[in-house]
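Before I ask anything, let me first share the structure, which is written out below as structure tokens.
We call the chains A, B, C and D, going by the order they appear; numbering starts again at 1 in every chain.
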Amino acid sequence: MLSFECDYNCGAHPKVLEKLIETNLVPQSGYGFDDYSQSAKEKIRLACGCPDADIFFLVGGTQSNAVVIDTLLNSYEGVVCADTGHISTHEAGAIEACGHKVLTLPNHRGKICPEELLTLFKSFYADENYEHMVSPGMVYISHPTEYGTLYTKQELAEISSVCREYHIPLYLDGARLAYGLMSNQTNVTLSDVAEFCDVFYIGGTKCGTLCGEAVVFTKNNMPKRFLTIVKNHGALLAKGRLTGVQFDTLFTDGLYFQIGRHAVNLAEMLKSGLISKGYQLFIDSPTNQQFVVLENNMMEKLKKDVSFSYWEKYDANHTVVRFATSWATTKNDVEKLLEIL
Amino acid sequence: MLSFECDYNCGAHPKVLEKLIETNLVPQSGYGFDDYSQSAKEKIRLACGCPDADIFFLVGGTQSNAVVIDTLLNSYEGVVCADTGHISTHEAGAIEACGHKVLTLPNHRGKICPEELLTLFKSFYADENYEHMVSPGMVYISHPTEYGTLYTKQELAEISSVCREYHIPLYLDGARLAYGLMSNQTNVTLSDVAEFCDVFYIGGTKCGTLCGEAVVFTKNNMPKRFLTIVKNHGALLAKGRLTGVQFDTLFTDGLYFQIGRHAVNLAEMLKSGLISKGYQLFIDSPTNQQFVVLENNMMEKLKKDVSFSYWEKYDANHTVVRFATSWATTKNDVEKLLEIL
Amino acid sequence: MLSFECDYNCGAHPKVLEKLIETNLVPQSGYGFDDYSQSAKEKIRLACGCPDADIFFLVGGTQSNAVVIDTLLNSYEGVVCADTGHISTHEAGAIEACGHKVLTLPNHRGKICPEELLTLFKSFYADENYEHMVSPGMVYISHPTEYGTLYTKQELAEISSVCREYHIPLYLDGARLAYGLMSNQTNVTLSDVAEFCDVFYIGGTKCGTLCGEAVVFTKNNMPKRFLTIVKNHGALLAKGRLTGVQFDTLFTDGLYFQIGRHAVNLAEMLKSGLISKGYQLFIDSPTNQQFVVLENNMMEKLKKDVSFSYWEKYDANHTVVRFATSWATTKNDVEKLLEIL
Amino acid sequence: MLSFECDYNCGAHPKVLEKLIETNLVPQSGYGFDDYSQSAKEKIRLACGCPDADIFFLVGGTQSNAVVIDTLLNSYEGVVCADTGHISTHEAGAIEACGHKVLTLPNHRGKICPEELLTLFKSFYADENYEHMVSPGMVYISHPTEYGTLYTKQELAEISSVCREYHIPLYLDGARLAYGLMSNQTNVTLSDVAEFCDVFYIGGTKCGTLCGEAVVFTKNNMPKRFLTIVKNHGALLAKGRLTGVQFDTLFTDGLYFQIGRHAVNLAEMLKSGLISKGYQLFIDSPTNQQFVVLENNMMEKLKKDVSFSYWEKYDANHTVVRFATSWATTKNDVEKLLEIL
């Protein structure tokens, strides 16, 4: 069975596992006060070109989104995002569970548009009823988006500029950041992300770790008593070493970027193969997720040999499916998949 | 440096790590739908003598407490526990963050008393103002308690009986359950826990895993849509295999119980040594945590060679400290500690 | 200054005030256990043709919505409504503050469409990812809507039928119910509302009282311990007599319906006058709110003599404004307004 | 039937009702933007000697407590109060429903002790585990307390000073403030309250209005966007004139203080009578609530002619009951009660 269902189907990158084995019996303090977490944070600061960054390791993506968003917003504020944003669609209401509304903008291939964001802010403050409405209190973007697409540096700069004009923090969900940064079609670097955003997270779970996301407060702006806030959300890991060791490994010798490059290269190979075989791409994704329109018959047959994700109905006879590559995908896997297709 | 600070200072039991390595590249579905989680659940059901149990793996203790308590309580209900209960003292308000009051009873060496529990229920329903008060909606106990003490089978039976009389679920926090079940001074088995409680969790983090707790709904009573509820709390692990593989290992060939036995034996060795050297025990703990009264001078000197936990001030010249053993403690560690003392 | 800004600009209908004066010095128990509240409930049951109804008086509309919706939903559920629904737009996030997402359907002149509701339910349960999504847990409609429009009996029956097929409660926000029931263009009676809905509230604040809304659980379905739940939301009125006396008066000798009729008649008179003077109606409202397109110049001039509500921009030179009538509007007021226009 | 059950058993003070009648047909804007609310605020500022005070009218006491406490606390903070504090015992968990723990100190006749408060703060910050604990974020006191007792000016000054040392706001629940300020045994004035507290509320419901409490932020310290926050809690009154008119009347010609004096004088008359008849006072209350120990037989007989509150069991044969006076109690009522006793 070929595995293209998602980028979290295997365990951890072998180097991550090795480091867990190597450090296993060294006693360390809990709750993030271990040496590995400190080392990982230092390496991430360097990689971001962000010496003042405060970094906190959490376990998962929805958890990171909920904790960060709940902490940055005032009680009367909501978070603005694309109507396809993960927090709006597939986090089971975790943001609302913290008391906050998700305010949506139409998505453009998964992205929000800086002009529309500006209009939303302007309209809000111009509305005579604004005191009876939820205030836009921060902006959430995902990069890559849920459709595998990427913001350009120019777009990030514009969104950031609109946010700063209104003193509204910009937060980037980098669940698949490695695959975005290493795309062949991007001019956005990790330093750019750190410059344009007030907070973002570097995804581990989908990019090589067993679990874990590194939340980066880019400007020495981690909220006061954040550890307590994290615990208050039930999100504080006792053995902080688990995330510390893993991120320390990801940011040693550029492993995080190699993982991204590897998966993107295989995704490009898959895309080329699909195009040359005459398949229709649903969206032109420059990252590790490829969305393809398949005939329903073909899709059913494929299920026997390949795991992939159902995405959405295309028409009566066709379905959009997703193939995702990761650090664990091999060239051989892609060749076999193309053969079957 | 000898490590007796806590039972979560090292990584994972070597067998747990081995299994993670062995299974690392086998692709699996996410969110707990992996083969290892299914296998682990089956083994836990067997170990509990509880074929109808529903089991869900969560990441940490405070998270498990918050998710379970929030799910079992109605909005107008609170959870009853000892005033020393972890949820009341050291979870940063995670229960209240979910909207619920913690209603405390006086502790007796960390335990609640069945008679006092009965009185609390009776008084509540007899109160003319009960509609303006928080209703007791469930009972939380920890076993071992925060002081390392254990309920007897008789006490558990009585507490359970009081709860059932009032149709109030009983929940047991088993963060250190292995060390309780394998105490030399207990008559409580895992089956007893499953019989007397409506829900409990089998602690992994403090008993040999990198992370993870197994929440056991003992009577086919897992709430409807629990996976969604868990995600709504930001607590759903994408790579459910991480907890699945670990618990599958803990419940293979009795590893969980061996871990408990190992730590308890070393704790008993430490306790005997302490007593024979004339040290005063603060509390007579039959489990892996030993609480000792030290002269402040001695305590300061000890810090150079040994990590341990400050517990509380005893008097002007003495302090209570805690030494904890675990699967990672060796006989040699205990001998050296006793030598230093 | 003529007052057409809203239907809550004056105090209470004189008969309501008279009854408050008359009963002022009769001692009564608090929290709704007064004789007037009991009497009011009995009269409302009769008026609804609903002998099994449970009734609870709350103070305001947003409060009623928040308490009812939070109580009827499970933690993982959201409430479905039109994208123009008051709970979605103008309640400052009060529903989300209770932890629940508002799931929107496109509005059709303020109303939701039964077919689109059915599609939403079907799609949700057909979605492979539904466990990661917020479940539709109840349906909210307003009648009259925020645009003054009304559901037909047929539409209510269809929406109700879709809800019942999916075992999802239907809740109707009747902030302006009097003005809906007494419209010349409706076939919906109070009994119909009670039949088709599981819960609804009869608006007092906008229909003649100083404050207060009567929440009607139509089928003996008031949640257990509702008084405690209300108090837990900070919504329990100590002097329940205040709402009791007022609703007792509204439902004595048909006053509630007279108030509705009076305001609707004056609104119809205003509408005819506007049409005959050549004004463009923004929407054809059969109730007490009339929405008119005015030239910006005209609007500015009008502000000197008349209070009205800015509704929304129409085009560069025109604005939509709202005129609302109420029990306190006089024929003379309408004549003067038409004169000025 | 003589009414001594509570101070909210009758409607409103006649002057309050008169003003409601007088202003009933004057159109006003909603949500507190009416002339009466502005006038009332100005009069309250004067009465408090507090020209910078921000004032907001809410409907009830539990609501005021929940909104204020939730707004002043950070997410990781709790509110400190006496274990007999209303928020801890009789508000159905409304504080916890907003996400915050109530941290209790032992009460001394209903009051907290400044030294014990200081110790609580000191201990918290000295605790090695403080990051895992709920931080004390504000202090709640009631004046009069739930037992009718009063803080001295010296005690208020000391509590205030401890709070300011730790930069922790002090909040006073003045549900029965009129009866405290007008006690014969107090040296605390309204200006003192405003000076020592950061926020307090002037109770209306129990002191002469139909409903309503005036929340006073004493130092221009009303949180930003407070109106939206209030609406977000479902606590914004549409017809703000209702509370505006009532408080405008209470603070015209000293009515609030007259109401307090009247009730206190009658309570003193009752107390003297009780003492001279040999009854045992449960607590020596200098305000409008009198707590008396009655034989159970006597209590049962009394129920036929008098309404009063059951307070608590005293011993097998005796019960503590409460008699409360108010603006509505007459000298004749007290004479009759004493006759019956």
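By our rule, a contact is a pair of C-beta atoms (placed from the backbone, for glycine too) under 8 Å apart; a residue touches a chain by one contact, two chains touch by 3 or more.
Bear in mind the structure is a predicted one, so any value in this text is a computation, not a measurement.
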Which of B-C and B-D has more C-beta pairs touching across its chains: B-D
Chain whose mean Cα position lies farthest from chain A: D
Inter-chain centre distance, chain C versus chain D - centres from mean C-alpha coordinates, in Å: 33
Centre-of-Cα separation between chain C and chain B, whole angstrom: 50
Whole-Å separation of chain centres (CA-atom averages), chain B against chain D: 42
For chain A, residues contacting two or more additional chains: 75-76, 91-93, 97, 99, 131-133, 228-229, 231-232
Chain C contact footprint on chain B (complex, rising order): 31, 70-71, 74-76, 99, 131-133, 135, 224-225, 227-229, 231-232
Chain C residues touching chain A - in the complex, by the definition given at the top: 75-76, 78, 89-93, 96-102, 128-129, 131-134, 310
Residues of chain C touching chain D in the complex: 1, 3, 5-6, 8-12, 14, 17, 20-21, 23-30, 59-63, 65-67, 91-94, 97, 205-206, 210-211, 228-229, 231-239, 241-242, 307, 328
